[in-house]
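What follows is a pair of complexes built around chain A, which joins chain B in one and chain C in the other.
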Partner chain A sequence: MTAGYQIVVLGSVVPDPLQTLEPVATPQGPALKNEAMLPAVLDPWAAHALFEAANLAAKVPGSKVTLVSLGPKAKLQQVMMAVAQKVPLELVALDGPAGGFTDAHEVAVRLAAAVKALPGLDRGRLLLFGGWESASRGAGVTLQLVGERLEIHDQFQGVDQIAVQAGGALEILERVEGGKHQVSVVAGPPAVLGWATGSLPEPKNNPQIGMANMRQVMPALQRAPAAPVGTAGVEFLSVAVPKAQRETRIVKDASPDEIARELVEWISQD
Partner chain B sequence: MASPAVNPALDALRTLPGDDVRQIMWRFADRYDVQMLVQSARQVARGPVARLVAAGGRNDHDWTPRKAELLAAYDASGITAAFMEPEEGGFISGPKNLALALAAFELAWVDAGAATGALAGFLGLSPIHEKGTPEQRRHYMSLAVPPKPGEERKTWRAAFALTEPIPYVGVDTGMLSGRIRVAEWQDGAEPVLQVEKRGRFITNMGFASFVTAAVDSGDPRIKGSCMVILEEGDPGTFDRGTPTRKLVHQLSSTTDPIFSLRVPASRIVGGYTVKDGVIVPNFDHSTIIEAVFRRTRVTVGVITAAKLLSAIEPVIRYQRNRFRGAEQAAPGSIRHDLGIQQREDALHRLVEVWATGEAAASLGLSTARLFDELDPLDRRKDALLAAQGIAGARATMKWMKLVERSALEYLDLAARPRGAADEARFRVLGADEMVRFALLDAQANVLCPATKLWDTGHGATVLREAVSLMGGYGITEDCPGFLGQKWMDSQLEATYEGPEAVQRRQLSVTMTAPLFLAQLRGWARELRHLASSHPGTGACALASAMELWLWTVTYLAGATDADGERLVQPARQGVSFKLADALAWLCASRAQILDAVALADGGAAALGDALPGTARFLADLCHVEAARAAGEVGRICAELVHGYNRHPAWDEEGRRACWSAVDAEALEGIVAGLAGCACDQVEGEHHPEKEGPCASCRGITDFARLRVKMDGCLTGAMLAKDRAAEALAHVMIPEALDYPA
Partner chain C sequence: MEPQVSPEAPQRQTMAVDVACVGFGPAAAGFLTTLARRLAATDLPALESAATPGAPLQVVCYERADDLGFGVSGVVTRGRGLRAAFPGLDPAQIPMAAPVREEKVLYLLDPVGASRRSATLRAADAALRALRAVLPVEAHALELPWTPAFLHKRDGFVFSMGQLMQWMGAQVMSTGAVQIWPGTPVAEALFEGSGVAGVRLLDQGVDRRGRPEGAYLPGLDVRAALTVVADGPVGAIGRQLDEVLGMPAGHARRDWAVGMKLVVDLPEDTPLRPGTVLHTFGFPEPEIFGFLYVHPDRVASVGIFVPSWFESPARTTYRYLQHYVQHPYLWRWLEGARLRSWGAKSILESGRRAEPLLAGDGFARIGEGSGSTNVLTSSGVDEAFTSGVLLGEAVIALAEGRRPFTRENLLASYAARRRASWIEAEGRVAERARDGFQRGVVSGLVGMALAGLTRGKLALGEEPPHPAEKLGSLEAFYEGKIPAEEIERIRRACAAQGVPLHDALMDRAGWPPIALDGKLLVTHQDALLVGGKVQAPPGYADHVTFARPELCRACRARACVEICSAEALRPGEDGVPTFDREKCVHCGACCWSCSQRLDGTDRVNLQLRAGTGGLHSAEN
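So, the complex of A and B:
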């Protein structure tokens, strides 16, 4: 491995999780109430993938991280003001709706085309990263579909760790039941890795990284092509928040044990 | 569909204003460097700062290790480097007033002491930044910038030492006891100076590695006062002193230090020359302090503004949730859903808090932007004067008078229809950088003290309202949003860097500069124009209030009190300070209206169909604030115009001013209704029970006319408040605050 990896991370924005998320019907189809006005964050699953990608890229000289995002341009831009300060990256932006109701196949078509169009794309170096699911839709299919379209057959989901072995093979840990991991070794790229949480903390903002990224990110946002993905003709007859009532509390100084105890208590109610 | 089709009423506020709204209003939508700084500062504020406050970190006067960790967080997030130029290790090029103000805004949103702690380093560096020699700038900036990854060195921290123990420097900055003397001066060598300085309430002093200190000459071989840089490690005493037992801003360090140090004369900020064997500092301490405070005071105003706006979300949540869970508040009932928000007064008061916060933020941030435009012009002016060989206060003043004359001519041309010749002249003057400098300088001279005075002083009062909206919770440590602490803290913001008296004193000098008054007239015209293009912002009421204020200033300039003493004179702070207060209200309300208009005009792309509702709501807040400003201006002007006349009594002269009831009746027979014009009637020897005949308005009928007009302009203001209140009862807020409490 001399030239390093081309790590492409697929990820978009989701509403900040502290917001009240209320499904509503709009003339354009189902959506969240006031979705356009809610502050957004990078989809947490994709964010884990991005931080792991940057970590890997930093370890393997010559590697580069590209974030491919399909989402409303204005929201992407706001989110980039924080995300682009965290890790060195290049952005490819596609301007279209992001959310729990867009069709995964339609989204995958756009994303695959964007990846294929990356200048200097080299399948022999390509690692396709993303979340194993999205915070706005837990279906966990988009990344697989993109992988299929790119004809990448080595796919891993629920990944928590990647390690480069001496000969260039990649050891990958995927989540299985009972807090255990399945260990696989793949000879090398191309591969698709759908990340669970990984193990890295969120990097702190660093404006120097941000300023360096922004020189590429701002033009990329400006020339983001329209990517009008829809619901693939699916008609939603009903949309409702899950029955369970959401109760958000912010508690200071609770130990992990206390939190765990409380969760167990809550789960074992009824 | 199970869920109702929601077509939000087109002109309702949907969510609390987010970054997209603020960037347009506060004009940094095209500044990604600033947007990133905002995000970074926010992460520090709502992360480590909030956790420390929630953990009780404020309950300690000492500079604790946990407080010190915040410095590392400021460094890592770019807050510290935001002050520096890219070549000094920073990342923002050009003037940074707006950037620093926004960083302070984000920190103060959670804790103003954290904002102060982060900013005090800039304050300590500012004398060097503004007036230091190029070598001093290079040297100290490079020490104060945080190390880059891989670089091993400690970040130097600065403190600013002006204030001295009583009886010396406080409001009166001329009362210096700090002394500087020549300790050693060998032929051809740099003189060595002995500095004696005691400080009081010096921020950052618990850890600062160097201090910029104001001192006066105690030696015939040094001329006048100066500022001097003192380093930890200089020979002598560098005693940090005891921590101040502050009730406020406990996340910053404050102590009363003592310095007795030997330093080379090259530490005099801005350098010196030697004339006839005397060291003549290039800048006295007042010049430096003025240059520094002029910028940093604006940021202090923004700190209080941030806290006012930060109060909205926790108060709404408290109000709405107040009765949930009670037997009497079944889900779906009004009491359950609206809680205290079913009560009009609670909503109206919250509207007032919000409107004040908007005005305070708009005033502070627009003033910061004004300094961003002014700073480079200021430096070009200095270069121009140097190139023309103009030096010294008198020659500079003469030059400035000429520029001001051109600026006044420009304003005159701007205000009236122009023929071809006028148009050409207007363009020439409009393109003249020094004319622009003079215009902005006259504004800055007013807007800086107005921001500091109004945002912090009035802001403190309104923060108390916010606290009271939370009931008993408001004055506990558990109050979400730390509102109790924020209220108390604002008293410090109103005090340090010059208490309100200092700001009023400065305003009373600058507000009557002809170049400012001419611009104020222009502002009133501009507001009338906005009133017609953007109705419903209260712009017309504000314009009327400006005209009333302008009339009052002109009238008072020639007026005397009942004893024949002139009303306008430096000693009469009862007049000048009140006019200054009134002007600050006008400035704040105007800034708010301009920002709301900027959003209405430029928000479509970012907000889409949410724009009308957001713009409507912000306009309503403007209207509420404009009405309040007009009320204050009316009250203050009326007190000043009438209050210095002695009330007529029922003496001989007083009674002459009255009609007799018999005469009035007779006249009524000739001209029906005429008797109604008489204020006072006496019947025989009897007069009504009151202090005396009504005071006459002779000579000031214009005032009465303007005031009545202004009162009429309040039309619709309460409807705006009702609308804003309604919006507050329905706006969507997040499920929980995004920082711990």
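So, the complex of A and C:
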């Protein structure tokens, strides 16, 4: 591998997980109440994928990270103000709805087309990264569908680690049951990697990276094409958020055993 | 203080820009809106960067909070400056915005009988109750039949500050001409002589004491030809400038309040219409003013202000707010409401008297920290925004004329615009309007009326002393209600439990217990978690410390603990309060409530520096 990887990360925005979500019915189908007003973040699984992509790119000279994101342009702009300080990236933005009520197939069609249209795309260098799961779409199926549309047959899900071997092959650790990893070796790109949490901490904010990124990010947002993915033909019989119970108590310095015992007691109450 | 770092640690980096703005509030929004439009204009000559030759002017703005609009403020404003900057402003485009439809001023009687009221007020209350059949008294509240015009916001708007800031931030960013970076606190201004040469960002990857840890990243030095200080009333950079450069003669920051607010979903059958505005006084204590603003879609903001001239050291805003919402006049609408958001913020109520040096070599001050708030009309957002617009116009004029950002040029361009503005004219009228409150609530209200009706020619009272001097003793505040020896017992019991005094004292003074309903009446910690969604990222130093712990140990008031909006400050075992960075909402009330002045100066023992985290709600 001399020319480096073209790492394309697929990921969009979700409401900040600290917010209170409430489903509502709209003429366009189900939605989250006040979603437009809630702060948003980059989907945490996609964020892990992005940080892993940047880490790999930093290790392999000539590599480049492109974030392809389908979401409301205003929200993408807002989220980029935080994300663009983290790692060097280029943004390809598609202006459309994001969330749990869009059809994964329609989203995959748009994303695959955007990846195919990337200037200088070289399948021999392409690694398609994304979240194994999604904070807005539990199945995490979109990444797999995009991979299929791009005819990438080496797909890995629940990835926690990637390592470049001497000959350019990639060793990939996927989560399996029992807290263990399945170790696979793939000859090289193209490959799809759906990331679990990885092992990297969130990078620190770096204003210099932010300044450099924003010179490309803002024009990318300004020219984002409309991508009106929806739920045509899909009927939602009912929509609910998980039942939430909260019982707040702030305790510092409790031992793990104490916390575990209290959690078991609390769960047993239901 | 420079942290001790190993030779292998990353070195501090430097970056050059043309304009660095500290804080993104209404003032910075006005400044950046004005400047960004000019930079994005294609029919005018480009304003060239000196920092990056060949590029347009490089403008960055660093905001402490984790996203734009994560502050808090109850906003009803006439919006004169906003309308001038956004002609045809349509509130329907901004979530939670509504034109003002109805405005009332109410005097709230005390239905509980626990507040501390003067003999004059008690007599007035008795008279009102006796005459309630012929006066507009309803649900223990008197609707004032007439209020002076200067108090009105009838042609204005009700806003969510968070949503307004997000909307304005999006407008600015969409030009692509300036960059706004949230989650990036500015640690200090970089001085060169008496001028400012840029800012240093906060170190990351440090422990609570600021010592480097594994992922240490020293804060970047951002060199800038112009540093715009817009970090609000308790911002670290504004206070640093005041300490280093001093305040103009006769100017000081003496009069403060902390505002705390709940944003609620009103019951489905609420009769309150969007744009309804209520201003209240008289309850839960006569010194505490309150408000209720109704947004579209059955959402309302309700809150109170606790001023620095409220003499009780046990000045808990949260407990008082819980009693406030249960006042019968408000509870008939709020019963069954659900908490959406919560937050708190300090307000600098010295107005123009707190105006610092507006400009110097390489820096300019805008917004609330520049003394723009009008303390007579209780209006600050529009004034702050307009001060930013004025600086934006001045910077454009200087850049077009290729003139440097020297003190002389900034005074001639920005300060001169400010002096000729309506902010200045109205600020002068308001300058002495609140002095009467130093003598009591009634004197204060009369003084405000006098100042307003005589265009500032007459006023009551005297200039406020340092807030530490206004803080009374618990024994004096509860005289006649709680014997001194019982207060001492409560003090010892609370110290043993490690809790503040206010709940025990208020219980004893006759305030009923709060019947938590899990919807609107929730614990203080739930207000943080459910309402404010408060959190702080790891890897930063504590931003509240104490210069001389022995002063804390000797302090009897510990008003910092009592007023702490988020219970981040708690009694410490050794007499020095403990600080939990993860709870702090950066309201700054601890700073002006500290009663331990250092060496007779205006500085106090509690040290408030730049920090991260805080509120994670943009609905405030």
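One rule holds for everything that comes next: the second predicted complex is superposed on the first by the 241 of 270 C-alpha atoms of A that agree within 3 Å, B and C clash if a C-alpha of one lies under 4 Å from a C-alpha of the other, contacts with A are read in each partner's own complex, and residues count from 1 in each chain.
One rule holds for everything that comes next: contacts are C-beta pairs under 8 Å (C-beta built on N, C-alpha and C of every residue); 3 or more make two chains touch, one makes a residue touch a chain.
What you see is a predicted model, and the numbers here were worked out from it, not measured in a lab.
Undergrad: Quick check on the superposition: with chain A as the shared anchor, is it clash or fit for chain B versus chain C?
TA: clash
Undergrad: Which partner does A:201 reach: the first (chain B), the second (chain C), both, or neither?
TA: Second partner only.
Undergrad: With both complexes superposed on chain A, which partner does A:263 reach: first (chain B), second (chain C), both or neither?
TA: Touch partners of A:263: none, neither chain B nor chain C.
Undergrad: Using the superposition on chain A described above, determine whether A:39 touches chain B (first), chain C (second), both, or neither.
TA: Touch partners of A:39: chain B and chain C.
Undergrad: Just to be sure I read the superposition right, which of the two partners does A:253 touch: chain B = first, chain C = second, or both, or neither?
TA: first
Undergrad: After superposition on the shared chain, which partner residues are touched by A:219: those of chain B (first), chain C (second), both, or neither?
TA: second
Undergrad: Quick check on the superposed pair: does A:238 touch chain B, chain C, both, or neither? Answer first, second, both or neither.
TA: A:238 contacts chain B only, not chain C.
Undergrad: Which partner, chain B or chain C, touches the larger number of chain A residues?
TA: Tallying touched residues of chain A, the top partner is B.
Undergrad: In the superposed arrangement, which partner chain does A:23 touch: chain B (first), chain C (second), both, or neither?
TA: First partner only, chain B.
Undergrad: After superposition on the shared chain, which partner residues are touched by A:117: those of chain B (first), chain C (second), both, or neither?
TA: Once the two structures are laid over each other on A, A:117 reaches no partner at all.
Undergrad: Would you sort A:185 into first (chain B), second (chain C), both or neither based on which partner it touches?
TA: Neither partner.
Undergrad: In the superposed model, only one of 386-394, 530-538, 656-664 or 692-700 in chain B has C-alpha atoms clashing with chain C. Which one?
TA: 530-538
Undergrad: Show which residues of chain A both chain B and chain C reach, each in its own complex.
TA: 16, 18-20, 34, 36-39, 74, 78, 81-82, 85, 204-208, 210-211, 214, 218, 246, 248-250.
Undergrad: Once bound in the complex, which stretches of chain B touch chain A?
TA: Contacts found on chain B: 1-6, 8, 14-15, 18-20, 32-33, 35-40, 43, 51, 54-55, 76-78, 81-82, 91, 148, 605-608, 610, 732-738, 740-741.
Undergrad: Which residues of chain C touch chain A in their complex?
TA: Residues 13, 15, 60, 62, 66-70, 95-96, 160, 163, 166, 169-170, 173-174, 176, 179-184, 201, 204-205, 215, 217, 220, 222, 340, 523, 525-526, 529-530, 533, 535, 539, 616-619.
Undergrad: Of all residues in chain A, which touch chain B in the complex?
TA: 16, 18-20, 22-26, 33-34, 36-39, 74, 78, 81-82, 84-85, 204-208, 210-211, 214, 218, 236-240, 246, 248-250, 252-253
Undergrad: Note which residues of chain A are touching chain C in the complex, please.
TA: Answer in residue numbers: 16, 18-20, 34, 36-39, 74, 77-78, 81-82, 85, 201, 204-208, 210-211, 214, 218-219, 221-222, 246, 248-250.
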